[in-house]
Structure formats: structure tokens, C-alpha cells
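Each of the next two complexes has chain A plus one more chain, namely chain B in the first and chain C in the second.
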Partner chain A sequence: MAIYEVYSHPALLRYKTSICTKATLFLLIVLGLTYIPPLLVTYKSQGFWIKLSTYEEQPVVKFQYQILMIATTSINGDYVAWSTFQNLNNLLGDSLRIPSVSVMEVDKNQDGKYDEMTFKLQLPLQSTEQVYSVNLILGFSYSLFRMSTFVMQSMAYIQHSSPLPGSLLYVNGDLKLQQRQPLNHRGLDTRYNVSVINGSSPFASAYDLTNIIGNYQERNVSTVLSWPSPLWMTGRAANSPFVISAVIRYPVEIITYPFQNFFNLFVCMLYATCCYVLFKSLAK
Partner chain B sequence: MYNNKPSRLFSGDFYCDTFGSQNTGSGFISLDTASCGGVMDLILCLLGSVLFFLNLKSVFSELNTTATESQLSSNESSWDEDAATQNSSLPPFGVTAATEEPAFGSYSTDAWATEAPITVSPSLGFPRAAPTVTPSQPLISSLQTPVTDVSSLCPCNLLENQCDVNCCCDPGCAEEFALFTGCSVQQVITDSMLCSQTAAIYSLNMTVNGTMQRISTLTNLINPDFFCIQTNNNAAGLSFGTPEIPTNGNFDTLVKTFSRPSFSSAGTASSTSPSQASGYKYGDLIQTNSIKGILTLPAPAGNSWCSNGNPVGFLQNQQAQCNVKFNLATDCTNLSSVNIASYSNFQIFQTPGAASSLVNITLRSVTLQSLDGMRSQSSVTNASSFAPSVLQNGTVCSKVVLQVNYVITYSEAGVIMNAEVSIVLGVVNATPVQQSFQVTFVQVKTTSTPVSGNPGYINGLPLLAGSLIAGSGIVQSTNRFGQLMVMKSSSVQDCLALPGERLPVLFGINMVSGCSLRINNISNCSLLSEQILGVLIGSNFPDYVASFGNSQAQNVLDWVQINTVTTASSSFSCNIPLSLDLVIQWTKYGSLVNPQAQIVSLTRKFTTNSTALQGTLQISSTVSFVDVSAAAQPGYKAPPTIDAKLPFDFFFPFV
Partner chain C sequence: MNRELSIFLLAFFSISLPSLNIFAEGSAVFQPPFIVASQPTVVSVLSGNVAGVTFTVTVAAPSLSTGQMPAPSCAQSSPVHWQVTSELSGDQSFMKVTVHLTQSLQLCDANSSQTNCCLQPLCVVESVQVTACLGGAVVAVLLVQAEIFALSSSNMVISGNATVIPNQVYQPLGSCPCNLTAGACDIRCCCDQECNSNLKLLFSSYCYAGVFGGNVTPVFDQLCSAQNASTAPDWFPFLCVQSSLDNSPFLGLFYQGAVVNITQTPSFRVSLLPGPVTPNGYKQGDPVVTAGGQYFTIPQQSVSGPCLMNAPVAYLQNFNATCVSLFVSCDANPSLCIQSSSLNLILANGQGGTVTITPMERLVTDLTGFVSNPSSVTLLNPAQQPLPSVASLSCKNVSLSMDYTFFWNGTYLENVTVIHTLATVCVNLTAPSPIWLTRMFSAAFLKGNPVALPKSGNPGYQIGKPVIAGNLQSGTGKINRTTLNLWEPVGNGLCSNAKTTAVLFRKDSITGCLLQLSQQNFTNCTYLRDSVQNTLSALVPATLIAKMGNSDSTNLTQWLNITSLPSNVTVAPADDLPGSCSAVPSHLNIHIFIADTGAVEGAIQQEIINVETGFTPVLWQLQCGGASIATCVNDTILQTFPVSSSVTFIKIDTISLFPKTRFQINYTAYDCERNNVCWPQLAYPLTRFYTGESYSMSLAKGMILTFFFIAAAVLGSPWCKIRQAWNNSTF
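Here is the complex of A and B:
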């Protein structure tokens, strides 16, 4: 014979006690255990209130075709120099030495962002000249779009000197972001969208390396060329040029930004609720 | 390189299209959303939709499973490594890289990053624009249609009518296969995003007689990816869009849209365009009738050598030190940058423009410096009598310009009224020579005295000090950098032979300097002690120091007397001071938001020798600034007293 449900209703059971009983005490303890441990747990775990968070993005880096090159050509400090800034070239006078430069930027994975730059500078030298040290500044534009739109003009600084006269300086490194403070989580940030070298200035102080690097290091967000070790090749044939060959990659960066208080509140509530549920179930 | 996902730019179209077609085909979204309510439900709902879609997708995949599927499973894990290989060696076509590993038959993930370009044969390309174009006609009339037949594509075939080594798909190779060691291109596919497609696979096989033999097969490849494209409704979404054909009309806008920074010769034109205004403006280059046309002041550009072309900007005070190297024998008389004439022998235009009147550069003073650094003022006669000359068989060059100091007086209309130059000429026997240059602009009929702070001292500015003259207040040196000075270390380490140069004490900058004293006999102790004291404190050490950076000389109460403490040990017959320590105690004064530095005391401590005077002694002077500010104390106002009185008739009817 099949059985079927005819009717159902919930039953309410009431447990009553007077105030000064063990049951009241138990009830109070359970109540305390339900609310206090979640708070303690969330407070004591260090991630209660997050101030910083990170995200990952490959920057949009474009070579600005700004180059400043100074090479020492004797142990007495004679030098030749060249830049893409006409005002500086005018200042240099007889020390101006125009090299042949080739630049190629490649988007390897076809994602619309350039991944690396190949730079080659061939500095013609007279047979009496030898290169002992090189200063090279390359200007880039560096943009991030994921959280805040951050646009800046940055530089890669390459410096190497050697007691031995060289024929080739080979650099292969990453253009890394250097953050002293977190970026905004939204909005447009063009604080540092100014040229690293003020090429419109006719004054020599604008091209002084201590000024350029000093002003650049003042920035809270900048880029630095991280190259494990330079390759300095010696042995240059007479009348052959000194070559600077550089491969500069634009890697994906981990960027810190301030975690928003609203999300913090949300996370904390979630956290406390979870703990509450856990302890509630334990109390039961 | 790391981010192998296709960009939004290129892939947006077909993602939307393919997914959209499948979603609308199933029609499940509307069903689920109907039962959803609230935010959480919406999230769950979306999650459910995705899961549903994934199930759907796997069904599609299963339907297309072929016998080759068993080889496909483990390719996902090698994604990044393969991508890296591809990035370093792959030509920009969606073709498997030249890995020698037996990746044959497998669906290599190498080609996944590239979706579109495989459809274009490398031999095709786009025809170049003819150099002569009739106006209003497009530069490119028609574009060739891309080839999509994988069996006819061969990206490694780079030599026409000749066999490319290790290029297994090269139609020009026949007998040469015997020489191959591997296939640089192992498979050719059309689009890596498709779930199922035809692929041309090339491999080498060793024949029984030991030679290599090429094997080429056409197979159907199955993509194991969840998100592969099953059916492509929008074929154009998988290839690049047709570019806008440049014409004479839209050329400029296209350049503006697509141009990127590049090498340009645009900046070669001279940027100094002479303005014809009635007066100079801030930063304008000052025009002269010299060869250069502008007033220049040598300055270092990028290193320590002098660049002679550095211009002087109107109202821009400049100060620079740089080195000049020349051959003493040959260049002494020829080099213009060491010749006094090139700094004084021209005239300045009062206002920009050649029509304005000229102002002579007045030679205010010429100082001559000897080889040992002694300076003497020369009676100014004429710049031409100070031309450099070679002495002592070309080993010494005299009257070399060492310092140039221009003072240019201007009116409030921007007109240059007067220009003066002070020059230091020296005798030089070694190069490089350091030259220092300065230009200062002074407004006419004004006398400005710079202060070291307003009111509190600013870090890096000199301390103001002077001596009290009864009745006339404090008397200071006119040079504010010369009021309180300490010894400067020099290349001559002997204390008794130090040159007169001293270092100014700058606010907030701690210093140490010293010299050495070699004692042979201490016959005249008091004389030695006096000499060392003179080295330590200089010729006239001040008595008072200003407590604020702008303390007035007549206001004596604003000045702090300098204390002197001497720690002497009486056990020796001869006591000479070995060190001078200036301890400046300063405090922050005023409000917390804008504290001002105030000097509260300056103590000079002399320490005399505590041992017998023997051998070489070190004489040193130090300057130390001590912040003695009291910490800000929390203070509270007394609680307000409530002075409330009830009206006298408040309890009227009762009391």
C-alpha cells in the first residue's frame, strides 16, 4: 500500500528557564562565543584591512627617439657626443660626432603592444681615438591603462666605463617600472608626462647629466633599465666604429595601487561573516 | 611576450561573433535570468551560464574528436615555454617554430598567438605604391586576396628557385632532402583558434639506405582548447581589416592618426628667433655684436668640459664651473676661451633687434693670480693689454682667464642699461684649467641684500655673523658667504702653509675639515699656538651670530653672542689648540605647520693637546648643528566655567 503525505505543519518548541540558571549561563557563553571570536580572528589575522594591492599589466612603451650619447675617447677625458636635441648639438661644437643609429621595435606576440626594442649605434672614430666610457640616455613614453591611465615619459640610462678601450657595448635588459608610491586606482595621471631632457632649452644646464638624473630620480614613479651585466668587448680595428648594441625589453609589470576602503569594508564583512558562520556552527 | 592572449584590438570581433552565435543558438540565458533575483543571484546566474556554456562546448569538442585527439592532451602545460621559443625565433607567421623535438602530428601551441597572418603567403605581400600617382586616385588600387590553402604555403621558402636548407615545404627542394637534418617548419595551419582544421605537416624520415626523405601529410587537427572557434560566422573577423587607402585628401589625417615618434630632422632649424620687442623678456637670449651674435658663457654640457656656446638668458642668473684643456705652448695665445678679449671685447644690444643702441661691456676689475695662488688687483687699463702670453719656453701660459663675472643692469622695461665684467687672470703651468663663470642681473636703482631666510634660516644658506661695535650695532662682512667661515682642507696638508681659502658655514650642513701639523721642535710654543689658532678661526672671527636668517644689524637683541669653551690640560708646558668644534644649537620657532629655524646658541670649543707634542698632529675643525626644539606638548584649555544664574524670581510663588 503506497503512503502519501496528507498534511504537514512545522512544530515550535519553546524552552523556558528562569534567569539565574545554568541554562542562562550557557546561553550567554554561547552568545559570547558566537560574536567575539570572529572579531578576534579577523583582527588578529594581518589581512584585516588591506592598504595596498597589486595588479599586472604590460605597459605600452614607445621609444620616443630621444637619444643622448656621450663617449670618452681618451684617458685624458676627451669626449665626443651626440643627441637628438639640436640645441645640445649646437653647444657641443667640435665634440659633436654624428653616429649612425638604427632602432627597431617589435611586437612579438601580435597583441598591439611592443615587446622589445633593438637599438644599435655605430660611433665613427678616428684612428687615434679609443672609447673608454659611454653614457647613453634613451627616452621612452610609458603608459599604463588598466586601473588608472598613467602616462609618463621615462628614460633608460646606460653607463659603462672600462680601463680598456672597447669596440662594443652590448646591453640586454628590461625596462622596469620603479614605484616609490602606489598608483591611483582610477583617473588620469600625467604628473610625469614631461620630457626627461628639456630639448627646447638652449642652455647647457638643461643637458647636464647631474641635472637630468637628479630631476629624474626625484620622480616617485620612474623606469630603470635592469641589465644583469654589460658586455664590453675590447679590440677595435682602426677606423672601425665603436658599437653600442642594446636590446631593451618591455616586460609585464606588477603595479601596486591603494586598495579601496569600500572594497576593504566589503572584504572585512565577508571575512567576519565567514568566521561568524564558522563559530555559530561550532557553538551549535 | 608574456601576454600571449590576442589583444582586444584584433580579437574583439571574432570573440563576440563566435560566442554570440553559440549563445543565441542555445537560448539558455533568457531561461536562467528569469529565475534570478538580486545581485548574488545574478552572479550565480552568470556562473551557471558559463558552466552551461562550457558543457555545451565540450559536447562540441567531443563531436569533433578524431583519432588524433589522444596526442593533444598535454600541450596546454607547455604553453609558456613554447611561446618563448616562438618569440625568439619565429618569423612573423603562424607557423610552428623550428624545434627539433618530435612535435610532429601534435597541435603545437606555438602558432596560437598568431591568428591572422598565416592566411597571407609570404611571397604575396601587398604591392607597393607606384611612385608617380595621379591626383585623387588611391595609391593602392586593389589588394590581393590572401591565400588560405595550407599545402601551398611555405614561410621558410626565402630563396626563389633554389632549395632552402631544412625547409621541408620548399617546392624547390627535391634531391636536397637527403642533406636535411630537420624541418624548420614542421606544420602549417590556417588559424590556431579554430577547433578543427586542415594542417600540412612536414617531417623527415630515414630511409633504409640511410638518407633522409621528406614526408608531407595533410591531416585534420583538433584544438583541445575550451574556447576554440567551432564555426566562424564572421570570416573577416579573423583577418586584418582593409586599411584606409591613402589619397591626397586623407593623407594628413592618416599620418596624424598613425604616426609614432621617429627620428626627425624637424629640430635642425635654429630655435633662436630674434624677437623685435621693445625689451627683453625673461629667458630671451641677449644679443651682441660679437661673432656668435649672442652673449655666451661657457658651461659644462654633459660632462666637465666647457661648452663655449652656452647662451645667457635674460634675468637668468647663471653660475658654472668647467674645465678647459689646451696645449700650453701652442694654444695659449690662440685659444679664444682663455683670452680676455672674448669676454669683454664686444657690445650688447640694449633691446632685441639690430636697430637698438649698443652698450659697452665695462671692465670693472682685473685680478691677476700668480702660480702659487696669490692674487693682486691690477689697475684697469685696457683689455688688449691682458692678452695671454707664453713664458718659460712654452711651459707656462700667463694671463689665462680663470674667472668671469658679469653684472648686467636692466631697467623695468627690459632694457639693458649697463654691463660690467670682473675677470680673474692667472698664470697656468698645467692643464686642464678650471674656469668659473657667473652672470648676475641687477635692476637699475635698486639695492637688494639677500637674506638667509625669512625669518628662519633656510637649509643650505650661510649663517649671518658679525662683530658688535658699540653704538652702531652689528658690523658684518658685505659678502654673506664670508661672515662665518672655517678652515678648508687643501692639497697642501701642512697647516702652516695653508692657502687663505676658507669654507662658509651653511645652515644645517655639518662639516669636518682638517690639516696636519708636523712638529720638529717646540721651541717657540706661544708662536705655534697663535699660528694654529689663526688657521682654525681665521683672521677675524665674529662675536655674534644672527638668530634668524633676516636679523637686522641694528637690532642687537636679535643676535646671539658666540660662546667660547676651551678644554685645556695644564699638565703640559706647551698647549696648542688641536681642534675647533662649532656647535650650533637651533630650535624650531613659531607654529607647528610652518616652523622657523632659530639659532639659540653657538659655542666654539677648542681642544688642546692632551699628550706631548710629537710627530704629526691632526688639526681639525668641525661644524655641527643640533636641533634642540622641545617636542610639541599636548595642551588643553581649562574647561569653561558655566556662569548660569537663575532669575531671582524663578521660584517666585514658593520662595
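Here is the complex of A and C:
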């Protein structure tokens, strides 16, 4: 015999309780179990908070025309030196030897930022002098703008020594950013916008290489000249100068910064709410 | 292999030896009388009374009933495959008897009708009786038991064609890897189909099992016993397989038949060098060739600084080389003492003709710049001939420099000259340190009028070319060309011996020299200031500067005035304390303003739009603090003071002449270099900033996405309802 639907109606069952009961507790536990275990499982499996993020930017680098050069001219340790700091030149006395320096910064791709610098230093030498080792500090200003505005004065340090008297030191490398901690994601950061060498100081300690390099390495963000082994050419012609020829490139850097999880979440929620309200009102 | 196999077989086979009859009729005997032969040739010795002995060969079979061999006889029987040769010894006491099989041991082809071949691999199995007869009577008997296999190797057809690898899906290639010889049984290869059961019996307990036998069962990763504790993956041991090795995941895998072509080139190769080719018209960078078809060479610096003596010269490429070498005798280094007469080489001019180098000699009077220690050498006057023969001196004509000039036109050389600088140098052999000689070599390619002043660009300045300055000649209106100069310090860096060098375009430079001053110089500061300023002003011996690299020296509009900035420091005499002078203009600043002013064939042209010179005043003070108090008292003690000059090229951006406002600097919403979320990158994948894909590809993908979006919108709920409402209202 066929069955047919005579009548149907929805039924609603209501289970009621007061607040401080076992049922309420059970409800809370169930509610908690619904949300917390998936959260824990997801978090422990991979984690979902991004802690560090990176961005790419070519820094704005400008040579500051700060140079400190020390060359050993005999195996006994005699040296000549020169710097762009007047106070140091006064201190050097008879060891001061003024070289001829020429610098050119080139913007190869015409994007408004310099891409490399060619540096040439010709150090005159007497016939009895030969160069056995060279220390050279070049000062740069280094700025980043994309996330936080980061401005610092940095340096490139070139050092080479050889048992053979040289005629030319050739260096071709990149001025790389060295980050010991992430940069801020916004704001202005001028922590290290101080000169690497305090040229206004009349004291000898300000020009001590151990102090200069020690203070510089204290920085959490600095630059380092990354170069393959330098070329040390021998066979200097009589009366010709010792030449330091350097090409220093300013490459695009990958910069790390702390990812702003809450900021992003907040911004997303704000946008979503605004959009929702806007469309809701338009729909009405 | 086959012979070895035969010996092997004989060692295994149990041969029933026939009982031997010792014939006492004669006085001769075979040694050995019984031979088991696996080769076609056997040798025995008949000793005793051997004179006049003849031999008869019969193939004998033992009697079926008694098992005895038939009695020997001297009667000739049916022809046999065996032949007997004998060789009598010198004293006729014995005879060497060789029994040789005349039949071929080649295995018969399946379809050929040859008779002189083996039908089976075991070719000959018979007993051969060799009877020695003397006058019809049997003297001695040699019994040869022969079991000889066919030669399996030499009848194989060696084909040059590559082996055809069958389809591995149907026919496994590696079923029996130890089957190395086609058509023959490989020992110990039990899967070889060519081995019959008799042969297999011999080595059945020594079969190859593993790789060569084809039974390969490598251990697989999932096996529980395969993993050790250190390298086990993290699912181990929960999900490993307990199985025997036969049940392997490699079952069913087969070689796909792909053949790898070996294309590896030899690691160390000596490539064949093409020799110089006599050119039909030189191009820039082509080697200049002598008429004899050799490279024309001039010493040049290479590798790590030293000169290479046989370096070829490239067409239209100028160079300067300084070569430092030890001052030794001409015998030790003949290149030091080149004669000018040997320099008139004949070069190929590039048009099929030749051009001869014209050498010109020049004698130098000053060895400075050529010798490391001028005090230990003596330069001889050219008139002072012959050379003095002093024991401590060694004199010779030394070749100091060679300056080649190539006059060219188009693709050929018109003329070549060389200025050969010589000096007769006497070296003090007792000099404590070795003397280093600096020799210079240069090549310059010139076209047209060599005395015309070179341009520094056409029309804009080229980077690295000298900046052209000039002075207006009164009366003629013509401009005398000169250059802006900088110090070029030499030696100890004092201004008294400093040279000057030209300012090069776009090369920011700073140079200087040292002035030696004593306390006396500081008594008149005005004089000191003036003399320093005049010294520095001499570096800019011009009032005009050429705007462009090719500025015409008769057209004043192509020149600019050099602006001298007045030093606005007023010096009060009271500032000048004893031993010090204030505001000494010791630093000359030259500011050259340049700008991009158009482009020629895509190359941006730069010109000079202004030049400013100025002085930086510096306080000069004698350092007589500390222990050097004498400096401020004693006039003879000198102190050095630096004088410097610098050139700065300042590029003026002609596009935005007005400086940026604070708002423009701080408002970075449209500056993607300074702002990560700038507006131009709103639709980042569709903009030119996006370089992850080609623009056409990203555009196509964007359009597909847009299509999906529109489709979803059209098919989605609001449009559906609108369409339904539309349909309801119309129908």
C-alpha cells in the first residue's frame, strides 16, 4: 500500500537551563574544544605567524669623499699616510704624503641612483720607497627608503699586504649591507648617521684603526666591502706612483624587517568593515 | 675458452682406458704410448731402433664384446682425418712423431653444405691407433684418445652494426647478463641457453647468482631491515615493510631501451690554434701582421704586472706599457740591447702591400725615470767613445723606450715610425742593491694631421677626456687652448718637484703637494697668503672654458667665462700670531657644473654650463708643542704644509630646475622607490613594474581572470534574481 504525506510541520525543541549548571559547563567545554584544538594543532604543525619578512631595494649610496690611506713603504715599517681630515694630516707630520685621487660615480641604468664608483689613488713614492701594505678607508652615505627611512654613514675597508713590493692594488667588489638585526618597517632611523671617523677630533685616538673598526663593528647595521681576492701587481716603474684602483658597486639588497602581524590584521579588518558598511549602505 | 673447456672436461670425464698391449716384436717403443688429445696436434717420441720405420694410422674402436682394442696391423685402412709426420733425430736413436688432425674445426653453418666442418660442438671423439711398422711387421703402437671441440670463436660473424635492443616491454634485455659470448656456452653462467646439460653439470654448483647472473634484488627503502638508526626517515619504524627481498618494489621495472650518447669531450685538450692571417683590410682589434705572416709584437704588461715580450699589437688600439726588468748583461737579456737597425720590420699594410717601419733614434741625457737607483749608474756622453774599460763599470747601449706611431687610413696602414730611445749606461757592478731598469713601450694610431689638437668629444664631452680651457688672444679674437690642471705629486710629494696633470671630464679629483716652511716664512703672512694663492692660481691658466668637447677656438659663443669666487674671509692682522698665519688659501676648489643637453644617436651628450673656482682658507700653524719647541725658534727647521686642489663635477638636473618642496619630499604616495604601497603599483601584476612574467603573458592571464569574475557575477545571485525578475515581468 502506498504511503503519502498528509501533513508536515517543523518542530522546535528548546532546552533551557540556568547559568551555573553542568549543562552550561558542558556547553562551554564543547565550545572550547571546537576552537582551541584546531588552533593548537595548526600552530604546532607549521605555525602561522610570519615573524620576519624581506624586501628588495637598491640603496642610495653616495661617496662622502672621506678617505683615510696608510701605506707601508719599507719592510722596516716606515709609512706614509693621507686623509681628507685636516686634523689627522696635521698629526701625521713628515709621514704626510698627498696622493692624487680621482673618483667617479656612475648611474648606469639612469634610474637616479648611482650603481658603481671607480676610485683611483696615485701615491707618489721616492726612489728608495716601495709599498708593502695598504690600509684604505672610504666613507659612504647609505640610505634606504622603501619601508623605513634608514640613513647611515658607512665605510668600505680595503687592506692588503704582501712581501713583494707592489705597483698596483686592484679591487673590484660590492658594498654589501650587513644586518645583525632587522630594520624597522616604518619611521626614520638615523642611529648610525654619524661619521665613521670623527674628523673634527684633534686626538690621535680618533684615527686609530682599531678604534675606527672596533666602533664600526659595534653597529648592528653596517656595510662591508665584499670582494674576491685583490690583485697585487708588482714591478713598479722608476718614479711612477703606487696606484690603488677600485671599482665599488652598489648592488640591490634584500633587507629583512619584522613583519607586522597585528598591524596587518588590523588594517585588513578595518578595510573589510569599511567595505561592508559602505556596500550595505549602498544596497539600502 | 674452448680449449680450456676441453681440458676441464677431460679432467672430469671418466675415460675407460683400453688395456694396452706391449709389443715385444720390435726394439722400438713410443714414449708416451697413450695420449689423451684435446688439441688437433699430439707429439710422441719413438725410441730404439727407428731406422726405416713407417707409420700407419687407423681409427680404432674397442670390440663391443671384449672391450679390447683391435690388434695393430701394418695394412693401410680406410682414409682417416689424421696425418703422421716424423722427424729423425741427429744420432738416429729416436724419432719425433707428430700426429695431426687434418679436419677443420670450424662449426658448420646451419644451412651450408660444407663437409670439412664440425657438425657438433664436440667435433672429434675417436681413438686413433698409430702403428710403427718395419718391413711389414709391427714395431710399436701409439694410442691417441681424441676429444676435440670445435672452435667456437672464429666462426662468429662480427658485424659492425649496433645491437638492436628489443622492446623491453616484451623482451627483457638483462635476463642473463653473464651470457657474454654469442653462440657459445659461458662458463658458470647457468642462465646461458647455449650451455647444454652436460656442460652445466660441470659448473652447476658454481653459478653466478648476483648481478651477472641477472638475479638482482636490491634492498629497498621501505624495508624494515634496510634503515639504520641515523639516517632513518621520521616515519620509521611505524610504516616500514616486513618482507623478503624477493618481494621487491623493483619487480616489473624494466629498461626502457634508451641509449645514452656519450658526448663528453676530453678533459684536457690542446686546441689547434689558428695562425695569424694576412688581412685584406684591417678592422679595429685585428692583429697587425708582418709581411712574413707573423704577429707584429711589442712588449706589453699582462698577467700580474710584468711584461710579455711577444705580445701582438691590435689595430687601432693604443697602449702604454712600462716594463721593469733587472739590469743585466746583453747576453743574459738580449731584449735590453736592441739595435735600431733591427727595428725596420716590414708589416702587411692591409691592402696586400707592405709598409716598412722607420726607426728614429733618440739619445737621452737623464736617466731619471728609467733606473731605480740613479746614483749607481753613469750615463755616458754619446761623444765619449769608445767605452771606458773600467773594471768596476759595465757599459752598454741600452734600449730605454720604443714609441711606435701607426698612421692609418680606413682599413690600411700608411706609415709606421718608431722613436727608439737609447742611452749608453755604465753600471757600477759593485752597487749594493740590484738595479732595476724601467723601459717604456707605446703604440699610437694616428690619422690625418697629427699636430691638430685632439677633441674631447663630439659634440658633448666624453667621460675621461681632458676639460678644454682657453685664453682669448687679444686682437685676433682667437682662443688659445690650454687645460685646467691639478698637481701630480711625484717622489716625496713636495710642491717644488710636483708636476701637473689635466682635469679629466667627470673625474672628481683631489691632489696636492707639500710646502716646506720655516718659522721665517710666518713672519709675513700677507706675502705667504699671496704666494700660496698665486701658486694655486697657476693651475687654472685660463679665463675661458669650452662648453663642449669640440668647441671651436674661433667661436666665442661656444666658450664660457670661468668665475672666480672671491674669498670672503677678511683677515685681521691680529689673527696672525707668531708662528701662525690665518686664512691661508691653501685649497683650490674647482666646481664644474655639467648638464645633459640632448642625445646623439641615443648617446647622451653632456656639456659644461658653468665653472667656479674658489679658495678655502686654512689656519697654518707651526707645530711646536711637545718636544719640538725648536721649530718655532730655529729658522732652519722646516715643516711641511699641504696645498691641495680639487675638482668637483656637479650635475644639474635640467628637468626639475626648482628644488623640491617639503611636501614633495614627504609625500611619497606616488614614489614607488620610496614607498612600498605606492599608487602606481595598485594593479601591480598588470603594470610594467612586474617583471615576474612577460607583459603579454600577465595581460592574458589578467583577462582570463576578469572573464571568470564577470562570468561568476553574471551567473551569481544578484544577476540571477534580476534576470528572473525581468523574465517574470515580461512574460
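Here is the rule we use: the second predicted complex is superposed on the first by the 217 of 284 C-alpha atoms of A that agree within 3 Å, B and C clash if a C-alpha of one lies under 4 Å from a C-alpha of the other, contacts with A are read in each partner's own complex, and residues count from 1 in each chain.
We adopt the following convention: a contact is a pair of C-beta atoms (placed from the backbone, for glycine too) under 8 Å apart; a residue touches a chain by one contact, two chains touch by 3 or more.
Only a predicted model underlies this, so the values are computations on that prediction, with no experimental measurement involved.
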Partner chain in contact with A:K62 - chain B first, chain C second, else both or neither: first
Which of chain B and chain C A:G77 touches, first, second, both or neither: first
First, second, both or neither for A:G199, with chain B first and chain C second: first
Touching partner for A:P124 - first (chain B), second (chain C), both, neither: second
Chain B versus chain C as contact partner of A:N90, first or second or both or neither: both
First, second, both or neither for A:A238, with chain B first and chain C second: second
Partner chain in contact with A:I98 - chain B first, chain C second, else both or neither: second
Which of chain B and chain C A:S167 touches, first, second, both or neither: second
Chain B versus chain C as contact partner of A:D208, first or second or both or neither: first
Chain B and chain C contact sites that coincide on chain A, given as residue numbers: 65, 84, 86, 90, 93, 101, 103, 112
Chain A-touching residues of chain B, taken from the complex the two chains share: 1-10, 83, 87, 92, 113-115, 117, 260-264, 267-272, 285, 299-305, 307-311, 313, 316, 318, 320, 325, 432
Chain A to chain B touching residues, read off their complex: 58, 62-65, 68, 70, 72, 76-79, 81, 84-88, 90-93, 95, 101, 103, 108-113, 115-116, 135, 141, 199-200, 202-205, 207-209, 249, 251-252
In the complex, chain C residues that touch chain A: 301, 304-307, 322-324, 368-374, 436, 438, 440, 463, 486-493, 501, 504, 506-514, 618, 623, 639-640, 642, 644, 668, 673-676
For the chain A and chain C complex, residues of the former touching the latter: 55, 57, 65, 84, 86, 89-90, 93-94, 96-104, 112, 122, 124-127, 145-147, 149, 167-168, 231-241
